[in-house]
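Chain lettering (A, B and C) follows the sequence in which the chains are written, and residue indices restart at 1 in each chain.
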Amino acid sequence: MTTADDRAAEVVRNYDDLVPVLGFREYWYPVCLASEVSEKPLAMTIMGEPIAFLRRSGKVYALADECPHRGTRLSLGSCQFPGTNTITCAYHGWTFDVTNGRCVAALTAGPDSAVNNKVTVRTYPVTECQGIVWVWMGKRAPVAPEADIPELLRRATVVRVVQRYTYGNWRWHVENPGLGHALMLHRSSMYMRVRNYPGIARGIEPRLEETDCGPWLCEYCKEIQMAAEYPGLGVWPQPGSAWGLVREDMSPQFGVAAKVSMRLPGITRVTHFPINGALYYEWFVQIDADHYNYFQIACGFPKTALERAWFLWRYYTWGRPAGMIRFNRQDITMVGESERFAKRHQGRWNGPTRLYEPDRFQIAWRDYALRYARDFENGRTAQERVEAGRGR
Amino acid sequence: MTTADDRAAEVVRNYDDLVPVLGFREYWYPVCLASEVSEKPLAMTIMGEPIAFLRRSGKVYALADECPHRGTRLSLGSCQFPGTNTITCAYHGWTFDVTNGRCVAALTAGPDSAVNNKVTVRTYPVTECQGIVWVWMGKRAPVAPEADIPELLRRATVVRVVQRYTYGNWRWHVENPGLGHALMLHRSSMYMRVRNYPGIARGIEPRLEETDCGPWLCEYCKEIQMAAEYPGLGVWPQPGSAWGLVREDMSPQFGVAAKVSMRLPGITRVTHFPINGALYYEWFVQIDADHYNYFQIACGFPKTALERAWFLWRYYTWGRPAGMIRFNRQDITMVGESERFAKRHQGRWNGPTRLYEPDRFQIAWRDYALRYARDFENGRTAQERVEAGRGR
Amino acid sequence: MTTADDRAAEVVRNYDDLVPVLGFREYWYPVCLASEVSEKPLAMTIMGEPIAFLRRSGKVYALADECPHRGTRLSLGSCQFPGTNTITCAYHGWTFDVTNGRCVAALTAGPDSAVNNKVTVRTYPVTECQGIVWVWMGKRAPVAPEADIPELLRRATVVRVVQRYTYGNWRWHVENPGLGHALMLHRSSMYMRVRNYPGIARGIEPRLEETDCGPWLCEYCKEIQMAAEYPGLGVWPQPGSAWGLVREDMSPQFGVAAKVSMRLPGITRVTHFPINGALYYEWFVQIDADHYNYFQIACGFPKTALERAWFLWRYYTWGRPAGMIRFNRQDITMVGESERFAKRHQGRWNGPTRLYEPDRFQIAWRDYALRYARDFENGRTAQERVEAGRGR
C-alpha cells in the first residue's frame, strides 16, 4: 500500500528520468500562424527535427527538411513544376510529392532514374485550425486534432498569438504556472500592481475536471489571504505595495479572477487572462535541447462587431503589452534561471531542490503526466515504466 | 568474387570510417600566397596543427607554432639576431633555427643553458611555386612537389588565387563537383543563366586518365540532354529558364565546355573555368574539424602581353566575380548544409543518405581515394584496411 | 633515497593531476571592492559556484546564489522586510536569513509553511579588509583572515586595485612570474624600455623566507648579466634595445629593484612595483574552467599627506597605466596562449613541454604547493597523495 505522500515522492523522484527533454511526441503541437506558410517553404525545427512547411493548392504540408540524397534542407528548394504538389531540392533536383514524401523524379538524371518512386522522405500530418498550423509529432497514427486542440479554443471568435524563441526547457515552464509563483514573481509587474493583490495561498487542491475536451488538471485553493504577520519579520505583503486602482481584482472579496489549469502534453490555460472575459493558452514547443517556442494564445468570444472591437481594443492596449508580453516575460526569466541551474547540476533538477505546499499542483501535474502521457517506450507508458522500476 | 556493384556498396560503406576528417596527410597542400609570408611570422592552422610560416634570407620556412617550453605560439616572436635563420619566442627567449627547428639558445639563461641544441621543434617542408606557398603535411619524407602540383598549373603563365575561410569539411566539398549538382544548383547562377544550359546527364562514366602528372579521375558523360518530359509533372527545364545570351555554351551541339576531374588528396580541376581557355583547380585544406581553407586557383596560358591583358580583363570583370566568387558560393552553401546534416547524424553521412546515377563519379572517387591514398595507418593503406576488415 | 632532481621530476609529473583546476579551496580569496557590495545583491561566480554578496546592517554576507526551491538566483531577489537580515527570492518568496542561510519564511505559503526553518542555503564566511571583500571558499572552518591576507597588505596606508575578467587558468598565471619571462617578455614594454635592462639570469635560487605572515617562496639569483655573446648568433640583448632613461633600474650595479615571491594558494608579490616603494600582490581567482578574476593590488606606505599625494600621482600617471595595465597585459596574453595550448593537448601542460634553468623557481613552487596546500582529499594532502601513489 502506498500513501499519497509516497506517491508524491515517487513522481518527484521519477520525473527527471521519464519526461522527455524534447517533449511528449504523440501529440498535436502548434507550429506557427497559417499566414506564415506559403508556397515558399518555411524552415522550422521542432523537437530537434528540421521540418519544411509549405503550401500546395492552398493546403499546408510538412516534410522532413533533409533531402535523402545529400542531407540538404529541402526548404532551400523550389517548385519546378507549377501547379503540382512537388518541391525540388536545390542541390541535385530530387523532386518530392509533398503529399506523401515520395521522390517522383531526380531531375538531373532524367525521367528514367532508378531513384524515382523508390525513395521517400518523412511527412508529418498537419492541420490548420483558428489561423494556426498544427503538426503531429508522433510516430503512431495521429489522433483527431479535436482531441488535442481544446474545444473552447476552437469555438473562440477571436484568436491572437504571441510567439517567442525562448531559452530553456518546456519542463521548467510547464511547472511555472500556479498561485505559488503568481503571488510573488508577478507582484512587481505593472499588470498586477493595479490590483489589490493577495499574498498567501493555503490549501492548494489540484482537481481533475472535465472542462472542454477531456480532463484538465485545475488548481483550486481553500484560502486566499491578503497578508499575514510573520514572527520576527513583520507583515507581508506590506500595505501600499500595490496601487489598487482596479476593483475587479484577485482579492478574496471579489474572488480569484484568473484560474489556472493544465493538461497534456504540457498546456496551461488561464481564465480571464490577459483581459477579463478572455481565455489564455500556452504551449511550450521544444525546438532543440536549449530552446523552445513559447506559444501564447489569447481567445475571445465576442458575439457582435461592437463586442469584438471592445475586446480587441482592451487586448492591444492592455492585455497584450502589459500581460502577455511584460508579465509573461517574468516567467521567461525564471525558466532561463531553471535551465542554467539544470546545466550546473547535470540536467537534474529535482534532486538538488525542495518543494513546498503550493507545489501540490506541480506534483499533481507530474503524477498526471506520468500516468496519462500517450508516449510509449518499449510498449509501456511512463506510468508502467515507473511501476516496472518498483518490481511490479 | 565481388561485382562492381558490391565494390561500390563497399566503398560507400567504408568511406566515412577510412577517410580522415582533417584530410590525407602525406601530400603537399597550398597554404597562402607567397606574398603573404615575410620575415614577420604568419600564423596558420592546417589540419588542426598550428604552424608559423616565415621568411629568412628570402626563403620560406614553416615550424610548429608552439614553443616546446610553455606552448606559446612562436609566431608571436621575432628575430633577435638580424641576418640569422632564427626566431626567438616572445615569452622566455628560446631561440630556434628555422631551417631545422633546433633550439640554438635560451637567451635569458645565457649561452651555456642546458637546453641549447637539446630541444627541437617540428619543421615542415615548404616550397614556393607559382606565387603560392606549399607545405608537406606528412609524417614520412616528402615526395617531390611536382608529384602533387599539377604540371599545367606549374606551366601556367598567369595564376590567380581566391581563398575563403569556409564552414564545413573537405569530404563534402570534394564530392560536390560533377554534372549532377551543376545541372541543378548552378542553374540559378548568373554565370549559367547566360548560357543555353542542358538539364539532364545520362551515363556518367568516370575514367582514370593520365593527364599531366599521374592519373586524374575524369567525368565523362554519354548523353547530355537539353530537356525531358517527366510523366505527370511536365517538361524540365522549362523553356526560358536560361537567358541564352552566350553561344559557346554547354549545350549538346557545342559540346561540354567545362569538364571536371579529380585527384588525390582531394583536388578538383575544371576546364574552361572561370573563363574559356582557363584551367581551374580547387583544394580544400582543412583548418580544424569545422572549417577549411577553400583554395581556388585560376590558371591562364597567354603567350603575349596582349593575350595576357585580354585574359586578365575577362578574369576580373567576369570570371572572378561571377564565377569563382558567386557561382562557387552556391557550393559553399551546400557544403555548409552537409556539415550541419553530419552534425545532426553523429558525423555519419553515408548511412542516412542515398546516392543516384550521376554519383557514379563520386563513388569512383571514393574507390580511387581508398585505393591510392598515400596515408598509412598501422602500416596499411586505406584499401588494405578495407580488405583486412573483410577477413582477407 | 630520492635526489633533488628526482623530486623535481616528480613534482613536475604530478602537478597536472594534483593541482585543482578551479584553485585550492581552503583559503581566503579576494572577491571585489567593498564599495561594490550594497543592499542590492552582487552576483559573482567563484570556483564554479554562484554566490550572492550583499550588505545587511552595513556588514557583508555571502550565500549560495541558488534558491533551494527552484534553483533561481537569490541575487534576483530583494529585501521584503527592511531592517531585517533577510533576502527574499523573486520567484516564490522563500525568505532567507543571510547570517546563517536559514529559510525563515516561504511567504506565499503563509507563516505556518512546513518549509520555514527546515531548509538552509549555504553561506560563505566573508570579511572586509583594506576596502576589499574576502571570501572563504573552503569546506572546513575558516582560518583567521590574517593567516591568508599578508601583513604588509594589511598595514598599507594606500591600497589600489585593478580587476580583470581574464581568459585562462590560474595555474598558468601563477607560474608566469620570475626572471625568466621578465627578461624577455617585458623587454618590449614601455615600462621596461626606460631602464637599462639586463638580459640573462644565472643560478636562480628559490628560498623559503619568513617575510610577513608565514613563509614566502622568494626568487634569488646568483648572477644577473647585462648581455652575452651567443656563438654563431651575436650579442644579446643588442645595445640600444633599451632607452635607458631611468637610473634606478634593474642593472647589476643598482641591484634588482623588483623581487618576486610566491605563496599559497597562488599569490605573487613583487617589490617596487608598479612604482618604487610600492608593494604589489596578485591573486588569480578562478571563475569557471576557462576564466579567472585577475586581481591586482598595489600597496603604498606613505606616512604624510604629501607622501600620499606623491605616491598617488606616480601611481596614476605611470605605475597603473604603464605597469599594472600594459606591462601586465603581456602576461595575460601569455596565459591565454597557455590555455589554448592546454586545450589542444587534453588539458595537459607538463607532458608536452620542457623546462629550463630559470624554471627552478616554478619547480620549487610546484613542490611547495603540493607539500603545503591545505586542501584535503580523502583525508590526505596533495603531498601525501603523491607519496601514496609511490607506494609509501
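Keep in mind that, in the parts below, a residue touches a chain if its C-beta (ideal position, glycine included) is under 8 Å from a C-beta of that chain, and two chains touch if they have at least 3 such contacts.
If you're wondering where the values come from, they're calculated on a predicted model, not measured in any experiment.
Because subunit B and subunit C carry the same sequence, their contact can be compared by residue number, and under half of the numbers here are used by both. Rounded to a multiple of 5, the Cα-based rotation taking subunit A onto subunit B is 120 degrees. Between subunit B and subunit C the centroid-to-centroid distance comes to 47 Å (mean Cα coordinates, whole Å).
Multi-chain contact residues of subunit C (touching two or more other chains) are absent.
Those residues of subunit A that touch subunit B in the complex are listed here as 50, 66, 68-73, 76, 80-81, 84, 86, 88-95, 104-111, 113-115, 119.
On the side of subunit A, the complex with subunit C involves touching residues 179-181, 183-185, 188, 199-202, 225, 228-234, 236-238, 333-334, 337-338, 340-342, 344-345, 349, 352-358.
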